[in-house]
Amino acid sequence: MDLATLLPFLVNVIAGGLVLGFVYAIIALGYTMVYGVLQLINFAHSEVFVTGAVVGFEVFRVLTPSPMNGYLKLLIALLAAMVISGLLNVTIERLAYRPLRNAPRLVPLITAIGVSLILQDVLRLIEGFQGRFDLTYTLPDGFSGKFCGAESSCAAVGSTLARLGLDLQLKDVILIVVALLSLAVLNYLVNRTRLGKAIRAVAQDRVTAGLMGIDSNRMISATFLIGGALGGISGVLFGMKFGTVNAYSGFDPGIIAFTAAVLGGIGSIPGAVLGGLALGVIQNLIGVTNIFGGLLGIANLEAIDASYQRIGAFIVLVLILIFKPTGLLGKSNVEKV
Amino acid sequence: MKSTALSLSVLAALALGSASAQTTVKIATLSPLSGGQSDLGTQIRNGAQLAVNEYRAEFQRLGMNLQLVAYDDQADPATGTAQARKIAADRSILAVVGTLNSGVAIPSSQALVSSRVAMVSPANTANQVTDRGLSNMNRIVARDDAQGPAGANFLADNLKAKRVYLLNDKTAYGEGLAKEVEKALRAKGVQVVGNEGTEEKSDFSSIIAKIRLQRPDAIYFGGIYNQVGVFIKQLREAGITTPVMGGDGLDSAELATIAGKGATNIYFTTVAAPIDALPAAKTFAANFQKTFNDQAQGFAAFGYDAAKVVLQGILAAYKANGNKVPSRQQVETAIRKGTFTGLLSGTVSFNSVGDRKSATLYVMNVQNGKYSLSARLPVRPARQ
Amino acid sequence: MTAVHPVSPRRVTPDRTGLLLLIFLLTSALLLLSHNREWLGTLGGVGALLRNPIVEAVVVSLFLANILFAYLWRAAPWAKALVGLGSLLLVLPWAGQEDTSLLDLSIQIMIFAALALGLNIVVGLAGLLDLGYVAFFAVGAYLWGIFASPRLAEILRYYGENPGATNAGTLALGLFLTAVTAASMVAINRHHQRVPPTRASSWGFGLASFGLVAGLILSARALLVLNAFRAEGLANGIDPNFFWLFLALSVLAAAIVGVLIGLPVLRLKGDYLAIITLGLGEVIRVLANNLDLYSAGSQGITPIGSASVGWFDALAARLGFAEDQYGLLFLYVLSLLMVGIILVVNVRLDRSRIGRAWIAIRDDEVAAQAMGVPLVRTKLIAFATGASFAGVMGMIFAAKQTFVSPESFNLFQSIGVLSMVILGGMGSFPGVILGAAVVTLLNLRILPGLGEATANLSWIPQQANPGQLQRLIFGVILVAMMLLRPEGLLPSRRRTLELHHEGDQEDDSAKGTGPSLTGGGGDVYSPGLETRQEDEPAGGTR
């Protein structure tokens, strides 16, 4: 194998990792925002995310026969998923976490796990009554096709990409655009608005924020709303990209996304994005280690195949945290006594 | 609310207890009914339920009130063992249909063997499930070392593959099957260009990149349809049209739905006869749809067959016992020794360790979402 | 502490000896009756009622509640002992003779009780959130699984066929390396106690530990190669009499893995530690799934032997147990014994210097460090102790199941054990045992019983049958219990005491464990305004 075949291979692996990484990043934001204000690992977030995916599935399913523009369908799916997942997240906080504000820190963690179990079965039941378990997205025409294929108006861009060996589908590009837009809106919301300022104040110090006249409970609800909406977006993007979800699909990406949030520095919004992208790429690179092992003739590397993808991510996390205990972009808190 | 539910069920129990002068005879299913594999486990349960519904009248005539009790093993070996011991304690349960995972079947059958409760597995293909030689463990599906070589032969002879890429789902099922395929392929001199497992259910981009690099003539994926389907969809979207083959885990109409436009050039081996080939299969599919408002998948057919084996076994034991309700041991013997007909997977009789003496493996082909029969391969285990 | 601060005027609880004995007799009779087929048959309607799976589950739960009553109520000590010992050693095995699922259930409860006690040390006492605890359970299970099954012979055969460059010299080299590095680690450690560690000495320590691992691997490999010729004789694993040795080895092995996992990660705090331990737990499971030679991969190891104790079997036979029940009964008694030992160890540790050090670290790491508590070492001991309990129970689990495979050691198990600890009451020994019993009973008995009883009711739609909604019901119960009793079912006495002496004790509000100094009164917006940052004292205001 020479460089000419290996380069496009590597480009594709990294590109695939980045697309996956954007999904992780958006999920990780939901974790990291909630963690920022409550110091709680919201285990139910993976189900909030799957709820978004299920809503997206239902919207696309209902709209399949309609001649509506595909992008409009996607917009409706995204909005519906954002609203439903956001409200669900707020409700969860209201019912399961708020009564426990004064309880030991691990108690809401257990209710979060309980809520996660409940939501999984409820989602399965809702779809199960209609005889469905695995939900396969019916995407508008063209979404699965090549990005800038030969007959489209932007064929020139497509051929340039093809020369680089980059093999992108239209839905990959849509995914990245939607993810970047959400990040931009989130950035504006958190850093440029009064609401964002209040949320940051609550995350930094709830007592002092209270003294400044900030209603911390409302800010926490707002955080859950935003986090849930992001979960909804990521659910639709996940369903669109990978095609099939079921009520239990949230667990694995949820764990990885939370790992990403920790990798980036939990509580840090840019950290979650960076962590998500990094994990996506790292996972894919670990998945192809055996190819390079084969090239270099190192037998031990040849054994590292796709089955090590997930734990590879964890080992990277361990290594990074050993040298940077608060994650890539986490602030290291000075201990006050 | 809980107390009303409780009192209702108590009432129900009382009603059941007093209404029937008949002897209650139960069979159990043991499969995951909750969690990520609940879909497959529920299919098994529902398939068995259909068989029980069919036979209820006949049992009624003979003075037996036939019931099915479904146990949830949550795909967890410890939970499965605990449920198996509960089954052992309920003496009205004569035999078990189960399980989905061989990791559950092995300790569960061990827990049941001393109480002579026969198990007929609708899904476990791992060799060591029956290699342990337990008197109560039987299965209607083909062993890994029967199904694997059959798949390998089809890859080499019919698809003329010279280079094959092997994948598995890192479960006892998928990995065991892929290992047997690999062994058989190597014996036939076919090159195995890649062999790896993945627990990933959604993103296959790195594997697909490797496949694109290696350019195999065919891919064999030991796994279940809901993972393999997603893989195939992404593979086809990446523009790779290489044929994909798998085992009976792919036997499901869902496969084509999940793979969508990519559902083409797929092959799988299964013991269940295709719906068009067998009138009974058509009736079964229709009944299943009517009763459960759900499409019957392969596991439903296997569950149905396993339950039918159990029920015919009980009937045979009933006759052998002088038309009296048989004991568990009699049922166990009747299942191991008997010949069972009218099944979706043909006639079943078991060898000394509970494998089918002979079975026909159907190689199914999916083209553009349509399933058709591609070949029939008779298989026989080494031991008779 | 009790002596110094007598808590609020002691409520006079009536002596309940009579009631306790009455309930014991009643529930025992019910238990024995409901698990005896012949007796049930003669009872007609009542028999049918007792046979109902829900009623049966309730009877089992009530019977086990006896032991709880004996613990909680004020009663004559002889009555408490009678109820406790009578329930566990007489009635339960007796009923188990008819229904082995009771023994299986009890073993499972005790396995989880021991796991919960172990995790309680890590989470409840030392305050380190560990989400990968089941890894240590796996270590114990696989240790015995590999040695007591045909796997051992397979491994030896492999090394016999692929000896590589290994020979007796390798063994000598490995042992030498092990000895030298271990000695230098001890030396550096001693050195550190006298002078603060420098960069060079820390690196030296790291290098030495690396050398230690390498030495151990070399020695193990050499031992395997040199013993390869024994493969034929070990076709079914080692002699079952090694069981007792391996009980000790499993404790040791799990503790070593605990230290190995703990060393790099224990400097991390709070939820960073949580996610790392979660990850390392997954690493152990995936390794078990991938290292086919040693663990048989996803196929799992079977059959796994168990100890056979002649006199015990004879005794069991005398008591009327069937031959296939000996093993289960033996494991029942053994796990009872183990939980007893673990409980004693826990209580002793809790009252010892190290126990107080753990609690000091949990409550305020900085203050503890200032008082001279060596942080990493104390945390490592907590990790290793907790791990060792899991190791020994893993071995019992492997012997009970006669089969181990990676799917028994997934993340759900870790989360389940954590929920037992929190549900029962973090830091409270009776609490976490109760938590383990409640969760296990729910999962293995009550919820399946509910499913069984409703299986043939036609008015419940197929999709919504409680039999397949166990997780949902479990989730509801989990949430409800936590909302109603956030401090746990049986909260620890020490913690209750602390909460009652807020004025002169260290404030707990930073961890949210009590009414906080800042959030209690003047706050308008929410009752929970206190800061909750791990490393900040309450409110950050003082």
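Going by the order they are written in, the chains are A, B and C; count residues from 1 in each one.
Quick note on the criterion: a contact is a pair of C-beta atoms (placed from the backbone, for glycine too) under 8 Å apart; a residue touches a chain by one contact, two chains touch by 3 or more.
All figures in this text were calculated on a predicted structure; none of them were measured in a lab.
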Please work out which of A-B and B-C is bridged by more C-beta pairs in contact, and write that pair.
B-C
Chain occupying the middle, per Cα centroid:
C
Centre-of-Cα separation between chain C and chain A, whole angstrom
33
CA centroids of chain B and chain C: separation to the nearest Å works out as 35
If you look at chain C, which of its residues touch at least two other chains?
289-290, 469, 471-472
Multi-partner residues in chain A (2 or more other chains touched) are 121, 129, 307, 310
Counting only residues that touch at least two other chains, what does the list for chain B look like?
34-35, 38, 170, 197, 292
Which residues of chain B touch chain A in their complex?
34-36, 38-39, 170, 196-203, 205-210, 212-213, 226, 229-230, 233-234, 237-239, 254, 257-258, 260-261, 292-295
Chain C residues within the chain B interface of the complex:
35, 37, 45, 47-49, 51-52, 54-55, 98-101, 103-105, 108, 289-290, 297-300, 302-303, 322, 324-325, 397, 400-403, 405, 407-408, 412, 443-444, 448, 450-457, 462, 465, 467-472
Chain C residues touching chain A - in the complex, by the definition given at the top
123, 129, 264-265, 267-272, 274-276, 278-280, 282-283, 286-287, 289-290, 366-367, 370, 411, 415, 418-419, 422-423, 426, 461, 463-464, 469, 471-472, 474-479, 482-483, 486-487, 511-513, 515-516, 518-519, 523-537, 539-541
Chain C-touching residues of chain B, taken from the complex the two chains share
6, 9-10, 12-14, 16-18, 33-35, 38, 42, 46, 67-72, 74-79, 81-83, 85-86, 88-89, 91, 101-103, 106-107, 110-111, 114, 126, 128, 132, 170-172, 174-176, 197, 292
With touch defined as at the start, can you tell me which chain A residues reach chain C in the complex?
35, 38-39, 41, 96, 99-111, 113-118, 120-122, 125, 128-129, 205-207, 210, 214-217, 255, 258-259, 262, 266, 307-308, 310-311, 313-315, 317-318, 321-322, 325-327, 333, 335-337
